[in-house]
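Two complexes follow with subunit A in common, the first pairing it with subunit B and the second with subunit C.
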Partner chain A sequence: MEIIQMNNVYFRYRPSDKLVLKNINLTIQSGEWVSIVGHNGSGKSTLAKFMNALFTPIEGQVLVSGLSTSNVNNHTLIRRKVAMVFQNPDNQIVGPTVEDDVAFGLENCGVPYEEMVQRVQESINKMGLNGLELSEPHRLSGGQKQRVALAGAISMNPKILVLDEATSMLDPTGREEVIRYVQKLNRDENMTVITITHDLKEAVLSDRMVVMKDGAIIGNGLPSALLTNKDLLKQARLRQPFIYELVEALTCRGVPISVGQISEEELVKTLCKLQQQM
Partner chain B sequence: MQITATDVAYTYMKDTPFEKKALHNFNIRLKNHTYTAIIGQTGSGKSTFVQLLNGLLKPTEGEVTIGDWKIYKDTKEKELYFIRKRVGMVFQFPEHQLFDETVLKDVMYGPINFGKSKKEAEEISKEMLTLVGIEPDLYERSPFELSGGQMRRVAIAGVLAIEPSVLILDEPTAGLDPQGHEGIMNILFQWYKGSDERSIILVTHQMEDASRYAEHIIVMDKGELAMEGTPEEVFAQQKELEALGLGIPETVKLLKLLKEKSGDKKINTVKFTLGDTVEEILSFLGKD
Partner chain C sequence: MLDHVIIGQYVPGKSFVHRMDPRAKLICLMLFVVFLFISRHPFVLIGGLILTTTAFYYAKIPLRFYIKGMRFIVIIILFTFILHLFLTREGPAIFSTPIFTIYLGGVTQGGFMATRLLVLFIMASLLTLTTTPVALTDGLETLMKPLKKLGVPTHELAFMMSIALRFIPTLLDETAKIIKAQRARGANFTQGSLWNRLKAVIPIFIPLFVQSFKRAEDLATAMEARGYEGGEGRTKFRLLTWLKKDTYAVIVFALYALIVLIVKIGGGN
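For the complex of A and B:
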């Protein structure tokens, strides 16, 4: 089932500005994990803001669960389905304590107290914030703050989770932890996940990768296919993940490896075999 | 300038119910003209430590020295003025500190504030804007009309224009795309190489940057010094780093895996560039 549909979407901020999105056509299926990649200023974050009607197209149409974002009456319903987490947690934390912050959205929606307490605790557990329930968010480190923002988003039981560079400020362990959890939400709870990132290592894990440049989509397909397309990546000003670079460099030096091998384990296995043959 | 920390401790909100020890028993000695990277998990005390180096925080115990200056519990604000003139600081998202009408005025604010004449300030500001790759046609623009990458460069030029001897960088490229990241890292390295009076202290989560640019690496854990040494020394200790929740550069990780799987003890796993890694693999295959 299509959960997000964008048809011929165009957008500019003011009538006199140039277009920031040009003829965007994108369909996202329910339960899919799609990563949207591109350099700074490519329009990827702008695009994300169409998914919960923060922006609406000047031309074309965006449908979320079949509801048009151009109809203001749909906005409340759409925003309950789509949770967003942004890059800088300082801009999205409002509560005086961690648990208050996580409860903020639930409280706004009038969730009964008992259920709220339970859902807050659940989200806090899932994001590994146990013991910090009563801490003041602004005293936490950047990574911890981001997990608070994520816990708040998840507590609303959204259908779609949009992460706009939400891991870019975390340390490697924190990043892996968050991604692992996002992966779990996607697999076990069939949540649709959209990650905006320029970390291609993160994009590799998604089902589908959408590459943006100058407000247009220039690539859309399996990450493994797009990541071997050097021209596309160069155009998009993105860097191939290390393992792809390495395989290519080795091939250039006459080491017979097929480009399909992408995991470190597979590459090492092949190299060991090759050595024994020599 | 030489930088030392002797028995330094820092406690946030001391003597309150919120008391939190961020740093304790911390000792460090950094030679003049070194590029140091500080790595450690979120909350390990990295940012607290660097904030002690220009007196944004004062140690609750022990002392920090920067050249001939000392920072301890009772250091007066007045003395910190001189330290701040020598120690420049670039935080995450430095563009949030932009404020003036034009790019040039914004960069000139620092040097004028530290007593330079308008003419001198303009000269040094233009020099630093050139260094960070901002063209003269942008000087009279509002800094807020620039792209994210350009704003960051202007903000960095503003710190460099103070002509610090020590530059502290707290994840200076957070949020930038790969090209923007590499551009800024190279500019900062160039600045460092520009004079042998200059030092850099880089706080980073990216092991690739720590291995590529730094000569000295400090590993922090729970407010203490966990490890210290050259990139080669530090990244050879994969198990210890993993126990601290830290990674190693991708190049080292792959070569370690190859060494384990093949049992070939001759493999040198401490390689930090793509080229060196390729050579090491070729020599493993007997192809060199």
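For the complex of A and C:
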């Protein structure tokens, strides 16, 4: 079932500006994990803001669960279905403590107290933040802060989770931590996940990858297929992830490895096996 | 230093006063401040002293925390005392030099005023020492609610205050970072003429300002994405619970107010 549909979407910030989004056509299925990649200024964040009606197209149409974002009356409902986590953890935590922040969205839509307490606790547990309920945000690590933002997002029981470079300000441990929880949400709760990133290592993990350049979509398909397409990557000014470069270099030298969807561990394992055989 | 700004002077604890509803504490303090200053009768001050010692006892906060927060206030109190000492010309002279004479009235007046101020500040610090700024904000918001009918945006004011509390530590962190960055580029904040030092501060505040606007924009987007649509139809996660002891505390302070009023009407000054 398609949960987000964008049809011929055009957008510019001010009437005098140039187009920031050009003829965007994108369909996202329920339960899918789609990553959107592209260089700085290619319009990824702008695109993301269309998914929960923070922006509406000047031309074209965006449907979320069949609801058009062009109708202002749908906005409240759409925003409850689509939760967003942004780049800078410090600029999106509103509450003075972890639990207060997780409760923020629930407070906004008037959830009764008892239910709110329960849902806040559930979300905190799901994001592995037990014991930090009363901590002040500025005492947390970057990864923890983003997990607080995630907990706040999922407390609303959204259908779709959009992460706009949510890991780009984190250290490698924090990144992995956040991605692990996101992966869990996608697998265990069948939540539709859209991650925007310019870290291609992260994109490798997703079901589908969308490549943007100057406000247009220039690639859309399996990460393993797109990441081996050198022309496309060059055009999008993206660097092939190290692991792909390595696999390619190895195949050039006649090492029998396929360039399918491969993770670092798998590669290490395969190489070890090959070593033993030799 | 950072901690001090963030939590105000709050000292965590589980005392009677800590567990009081912030609304009750605010009401008590307001009654106390108003009625302590309404009359100059010694009874009023004695009553105030008794209330303060009782509250101090029940708050179970070591004296050093009060002293830490009151260094500046002690100067004000001393100044008040000395002013009264030299300027009051009542009663018999008790000490005289060719330049000035100190009268008995000066000593009692000065002592009276100083005690009154001391009691006031102790009571006020009691509030901030036992209540988190967040709880204080909640308390103020509910107490201000009646003003909403007069068009005062009470929810917005309280929300602004809690956002400010949330961002003060973040901004302080950032200031520290910027200072370090500018130092690394050779900025000098501790030497040179006053003018030069002032000029050195500009490169701190400009990036801080720019960054704050960016933050405000991001925060507004995040809040909108999380369905914030103003105070209408919002529920609250943090509940204030008014217990019996809160009522008792308010009654005690109300009784004090009543006694002061009786003294005032019956006794003149």
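The rule is simple: the second predicted complex is superposed on the first by the 250 of 278 C-alpha atoms of A that agree within 3 Å, B and C clash if a C-alpha of one lies under 4 Å from a C-alpha of the other, contacts with A are read in each partner's own complex, and residues count from 1 in each chain.
Just so we're on the same page, a residue touches a chain if its C-beta (ideal position, glycine included) is under 8 Å from a C-beta of that chain, and two chains touch if they have at least 3 such contacts.
Here the structure is a predicted model, which means the values were calculated and not measured.
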So, does A:169 touch the first partner subunit B, the second partner subunit C, both, or neither?
first
Does subunit B (first) or subunit C (second) touch A:144, or do both, or does neither?
first
Who does A:52 touch here: subunit B (first), subunit C (second), both, or neither?
second
Given the touch rule stated above, what does A:99 touch, subunit B (first), subunit C (second), both, or neither?
second
May I ask you to decide whether A:109 touches subunit B, subunit C, both, or neither, giving the answer as first, second, both or neither?
second
After superposition on the shared chain, which partner residues are touched by A:268: those of subunit B (first), subunit C (second), both, or neither?
first
Now for A:80: first (subunit B), second (subunit C), both, or neither, which partner does it touch?
second
With the two complexes superposed on chain A, say which partner A:223 touches: subunit B (first), subunit C (second), both, or neither.
neither
Return first, second, both or neither, reflecting whether A:88 touches subunit B, subunit C, both chains, or no partner chain.
both
Subunit A residues where the subunit B and subunit C footprints coincide 88, 136
Within their complex, subunit B touches subunit A through residues 12, 18, 20, 41-43, 47, 92-93, 147-149, 171, 174-180, 205, 207, 245-247, 250-251, 253-254, 257-258, 261-262, 264, 274-275, 277-278, 281-282, 284-287
Can you list the subunit A residues touching subunit C in their complex?
49, 52, 54, 76, 79-80, 83-84, 86, 88, 90-97, 99-100, 103-113, 116-117, 120, 136-138, 152-153, 156
Contacts from subunit A onto subunit B in the complex sit at residues 38-41, 87-88, 136, 139, 141-144, 165, 168-174, 198, 237-239, 242-243, 245-246, 249-250, 253-255, 264-265, 267-269, 271-272, 274-275, 278
Residues of subunit C touching subunit A in their complex?
6, 134, 162-163, 165-166, 169-170, 173, 214-215, 218-219, 221-229, 233-239
